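Input: structures, listed below.
The two complexes that follow have subunit A in common; it is paired with subunit B in the first and with subunit C in the second.
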Partner chain A sequence: MNVGQPASAPKLPWRLISGNHACALGAVAAGCRFFAGYPITPSSEIAERLSRLLPLVDGVFVQMEDEIASIAAVIGASMGGVKALTATSGPGFSLKQENIGYAAGAEIPCVIVNVMRGGPSTGMPTRPAQGEIMQSRWGSHGDYPIIVLAPASVREIHDENMRAFDLAEPLRTPVVILYDQDIAQRTETVELGDANGVARAQRKWASGPPAAYQPYATGEDGIPAMSRPGAGYRVHTTGLNHAENGFPTQSPQAVERNLGRLLTKFERHRDLIDSWQTLGCDDAEVLIVAIGISARAALRALEICRARSLRAGLFRPITLWPFPENALREAASQANAVLVPEMNAGQLSLEVGRILGGKRVEAIHRFNGEPITPAEIAQRVETLAREMNQ
Partner chain B sequence: MRGSRLEIRIGGTGGQGLILCAKMLADALCATGKRVAQSQTYEPTSRGGFCNSDLVVSDDEVDFPLATALDCLVLLDRLAVKPSWPLLKPGALVIADTRLCPELPEGELRVHPLPLSRTAIELGSERVANMVALGALAALAAVCTRDAIERAVRAETPKAFSS
Partner chain C sequence: MIVDSASAFDVRTYLRQEMMPHFLCPGCGHGIALRALLWAVYELGLDKDKLAVVSGIGCAGRLSAYIDANTFHVTHGRPLAYATGLALARPDLHVVVITGDGDCLAIGGNHLIHACRRNLKLTCLMLNNEVYGMTGGQVSPTTSETRLTTTTPLGNSEPNFDACTLAAAAGASFVGREVTHHVPKLKQLIRAGLEHPGFAFIEVLSDCTEIFGRKNELGSSAEMVLRQKSELRPSAYRDTVDSPFRSSDLPTGILTKTERPEYGAAYRTAAAAQRARLAASTDQNKGRT
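The block that comes next holds the complex of A and B.
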C-alpha cells in the first residue's frame, strides 16, 4: 500500500504521513480487521483511512450512528474473534466510557483511540489539549483495570497502535491510545518498519473439553481463555459481576475472587506493559515529565538547557496507565525538582506528585489551545535550578 | 541537526488551500531527502477564520515539530499577519499578497509584495492563488528544486488538469 505518497516520488526510506494516517496503517499491520466509528474532529482521518484500507485486507469498516454504538460494535466484533478498533475524540470518548467499562469487566480485547482536543464539552475541536489523562484511566464507573498508551510522534502512533493490539489480545483488556490533535493531524517524515512476517501476540483460546470450560476460570497467568465462537463451548457474557462460569453473582466470596483477579491481572505482566523513554536523567538536577506534544517541546528544551549548562533530563511515559512508577522514581532519583508541562489544568502533575511524594513537583499548565513552547520549558527549568541552588 | 532547521509558514484564511499548498511543498522536500514536519492551525469552519500551515524542514529528524522562529512567511490574508509577525526571524523572507494583505508592519525583513491572487484571477480562478504562492515561494526561497515542486504538484492534481 502506498497511500499518501505521490506515486511518482522516488523510493525513500521514509514517507510523509499524518499521525492519524499512521494510526490506521498501524492498526492494519497489527491485524485489526474491524473498525466501527463515528466521525469527530480531530480523529476522523483514522476512520477515513481505514474505510479505504480495511476492504483491501478483507476487513470490515462500519460508520455507526453514534459513538456508543461504535464501541458496542467493536466489543461485539471482538467477541466474534476479530481484532477491533474504534477512534474518537473528546465528547465521543465520554460517550464510550460506559462500554469501555463493560469491555474491561467482561474482559473483551479492543483498542480505543482518543485524540485529545480542547475541552470541556465541545471545547475547541481543532486545537490540541491533553485533558483526558485522568479520564482515560478513571472515566468509566467502578474499579477496573485499563491500559493507556501515549505516543508522541507520528512514527510512535503507528508502533504503539500495533503494541496496543499485542497487549489487548493476550491480556483480554481494552487499550486506549491517547494522543493530542497536534500529533494526530501533523505530517512527519517517518520510517515505518516492515511488519510483514512479524508474529503478533495472540488471544488465548479455550482448548480443553467443552464440558469443563469455565469462561472466567483463573488461568495460570491470571488471564482466562476465551472461547472461539462456534467451537462448541458454552459461554455467558455479562456486565454484571460474574463468577468463573460467567453467570451473574452477588456472592461476596465469588465477587472478591473474580473482581480481585481482574483488578490485579496486569501485575505479573508489567514487563510487557510498561514502556517509557528517559533522556539525560543520570545527572539531571531538574527532571521534566511530559507526554505528547509537550514532550516534543521538552526534547527541544533539553537542547536549550544544555547550551545554558543546565542539567535537565526528560522522563516520558509511553505507557501512561498503569503508570511506570518504579521507572519514574529511578529517573528522578538525582533530581532536586521535577517540572511537568501539560496541556490541561493539572492532571499528569498530580500522578507525578503522588509517586514522588516529598519531591518538589511544579507544572506548566496550558488550556488555551496553544502548545507549550521549548523556550517556556527551558525558562522554567532555569528558574527552578536557580531556586534550588540558593 | 539544529543548524539545518528551516521554518516556513503559509498563512491566510480557511478555504484558500493553504494546507494543500504546504503539503505539496512538504512532499517535494521529502522527495529530495529532507525531513519535514508539517502542522496546521485552523478553525472549526470550512471557510474563513485564521488558518495556517507550518513546515519545519531539517536534514535530521525534527525534535519539536512546531514553528518557533520563521525563516519564510507567505501571507494570503491580513488575518495571518498579527499571529505570525512575532515569530519572524530577523532578515526572514516575507511574501505578501498585494490585494489581500496590502499593509505590513515594519521590520528588518526581506519583504516581497506580489500580486498572487490577482495573478490567479487572471489565470481564471482565484482558487489557484495557493499555487501561485507556492511558485513564488519556490523561486524566492530556493528551498528545493523547481523540478521537485512540479512533480509534487502534478502528483496531487486531478489527471484532467495535470497534462
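The block that comes next holds the complex of A and C.
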C-alpha cells in the first residue's frame, strides 16, 4: 500500500508541499477554472494558493462575503459550464449544506473540499477530527445522492481532487473531498505528474435540436445531458422538484420518476465511483477499517501487529460515499472482528456495523484533537484477537 | 425621452408560452414588472441565448420560469451570489437577477451589500411588495410601520428599509426606483440598468393585492396602484405613520449613477497583466505556486 510515497522512481523533481497545497494543484490540473471561498481554518491555504494559480490559467478566483455565497457562486459558475471548486471546514460546511442539496437536486457538477477540524460548533479549529463522515452524506435536507472521497495523504489529496472533477462532471453531481486537518497541513514529499494533455472526463453536453431537448431526460445511463448557456437551449433550472422538461411539478408520477432516477443514478456507475485499498485482508482475523489520518496510524499499526504475529488487515475506503459495501464484505470475509479507529464519537463504525451485520465491530473513538496512535490500534487488535480466540 | 416601442413589442415572444397561465394572483404587480423587463430586453435587442435570469425564492423568484432565456431558480436569498459566479465565469452572458424584498433584504441582505460594493456587471430587480406573499403574508423588511401581516397582528412596529438608500450606501454604482403604474418609465429605468456597465440595483414598487392589500383593507389592485402614482406609497420608509399612503417625496427614477471599474473586467485585466509579467520573466520558477 502506497499512500505516502509514489512507488515508481521519480521522473520529476519531488516537491515538499502541504495537503492543502496539493489540493489546489490538483484542482488546476483537473481543469478547475473557478474557485469561490471564504477564509476558514484549516482550509484557507487552498484559497490562498488558488488566488495565485487561477489567474495564470485564465481562471477566476473570488473571495465571497460568506460561506453560503461561496458555494452559491461555485454552483453559478458551474451552471455557466466552468469546472468549479470551493473549500471550507466544519462550520462552513454546515453553512453550505442547503446549497449542496441544490447542486445535488438540480444536478450541477461541483467539488467541495471539507477539511475536518474539531467540533461541534467552532470546536478546535487547528486540531484534526473526522466528525463530518455522516454530515457529508446526509447534511442537506431531503433525499439526494452525493459522492464523498476521503484521501489519506498529501499525494492522494492531489489525485483524488482530480478524480473528484472526473466524477462530478460526467455524473452531474456535487463531490465532497473529506480530509482532516492533520493531512491538510502536514507537508509530505510528492512527485506530481504532468497533467497537461491528459484527457479529463467531461460533462455530457446537450446536442441536437433545442426543441427536442429535455434537460432531465432519463437517457441511457441515467445522467441527463446538460445545456450550456448560450448554446441555444434556454432551459430552466430549479431547486423545486421538476419534470424531465426542467419545470416545477407536483405530479406524484413525475416526481417519483425524476427523483427516483436521481436517487439511483450512481448505481450503474459504481465501477467508476468505488475506490478502496486493502492490505493484509486475505488472512486477517482482525480487520481495521479507517480513513484519513486514522488510516495512516492503522498502516503503522499493521506493521506492529504483523511483527507480533497478529493477523491484522486494513480496509480503507477512498470513496467514502457511496460506501464500497461489497468490497468491505469481501475484505472482512475472513475476519472474526472488525476495529474502526475514528476521530469522532462513532460514525464510520455505524456504517461498518450496518454492512457487516452480525460481525463483532468495535471502535476507537477520539474527539480530543489528538490523533489515534498506531500503538493504541495495535493494542486493541491484540486484545480483540485474544478475546476472539478464547 | 421615452421611446414608444409598445406597439412593436410583443411580450409573448419573450415568454415561455407552455408555462401559461402564470401563477400570479389577480392584481399582482409582478407581471407588470416582468413585462417592463422584457420590453427593455426587446428594445436593447439582447440575444435571448445570451440572457441569463437568476431568481431567488418567493413570488418574484417564480418569474424566471416564464422567461424564454437561460433561467435559474435558486435558493432563498442567494440569487445574487449564484449570479456572481455565473457572471464571473461567463462574462459573455447578460445576467439579470430577479428578487423580492424578503429574498433580497432579509435572508439575502449580505449578498446585496457586497454585490453593491463589488460592482460586477449584474442587473438586480428587487420587486418590493412589502410582504412575504408566497408563504402567506408575513412581515418583511420593507413592510410599512403599523401594517398588519400574519406575523404582525398588532401592527408592524419595526422600521422598514429604504432599499435604494441601502444600496447606494453600500456603493452601488447604479440605483433606481420606479412604480408599476408607470410602465414606460419603469421600462426606461430597467433599460438604463441593463446598459449600465456595473452593478445596477432597481427597486420596483409592486403591490400584493390578494394578501397584503386584503389584510390591510387597501382596496382593489387599481386602487393600490393608483396610490403608488399619486402618493408614492411608502412614506413610512423613514418614519412611523398612521397612513402608509400619505404624500411622500420618495424619489423615483435613477437615483445614483457613478462610473467605477467593473469587477470582472478589472479582475481579467489584472490576471492578464500577471500572465504577461511571468511570460517576460526569465525566472526558472516563474509561475510556480
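Simple rule for what comes next: the second predicted complex is superposed on the first by the 377 of 390 C-alpha atoms of A that agree within 3 Å, B and C clash if a C-alpha of one lies under 4 Å from a C-alpha of the other, contacts with A are read in each partner's own complex, and residues count from 1 in each chain.
Keep in mind that, in the parts below, a residue touches a chain if its C-beta (ideal position, glycine included) is under 8 Å from a C-beta of that chain, and two chains touch if they have at least 3 such contacts.
Here the structure is a predicted model, which is why all the values come from computation and not from measurement.
Applying the stated contact rule after C-alpha superposition, one finds that A:353 touches neither subunit B nor subunit C.
Of the two partner chains placed around the shared chain by superposition, subunit C is the only one that A:58 touches, whereas subunit B remains out of contact.
Of the two partner chains, subunit C is the only one that A:76 touches; subunit B does not reach it.
Within the superposed three-chain model, A:125 lies in touch with subunit B and out of touch with subunit C [touch as defined at top]. Within the superposed three-chain model, A:41 lies in touch with subunit B and out of touch with subunit C [touch as defined at top].
Shared-chain residue A:109: touches no atom of subunit B or subunit C. With both complexes superposed, C is the one of subunit B and subunit C in contact with more subunit A residues.
Legend: residue contacts after superposition of the two complexes on their common chain; A:373 is shown touching subunit B, with no touch to subunit C. When the two structures are aligned on the shared chain, A:292 is found in touch with neither subunit B nor subunit C. Within subunit A, not a single residue is touched by subunit B in the first complex and by subunit C in the second. Across the interface of their complex, subunit B is touched by residues 5-10, 12, 14-16, 41, 124-127, 182, 185-189, 293, 296-297, 299-300, 303, 371, 373-375 of subunit A.
By the touch criterion given at the top, residues 16, 19, 48-50, 52, 54, 64-65, 68-75, 78, 81-90, 92-93, 110-111, 113-114, 267, 270-271, 274-275, 278, 287, 289 of subunit C touch subunit A in their complex. Remark: subunit B residues 2, 23, 26-27, 30-31, 33-44, 61-66, 68, 151-152, 154-156 touch subunit A in the complex. The touching residues of subunit A, counted against subunit C in their complex, run 33-34, 36, 49, 52-56, 58, 60, 62, 64-66, 68-70, 72-82, 84, 98-99, 102, 229-240, 247-248.
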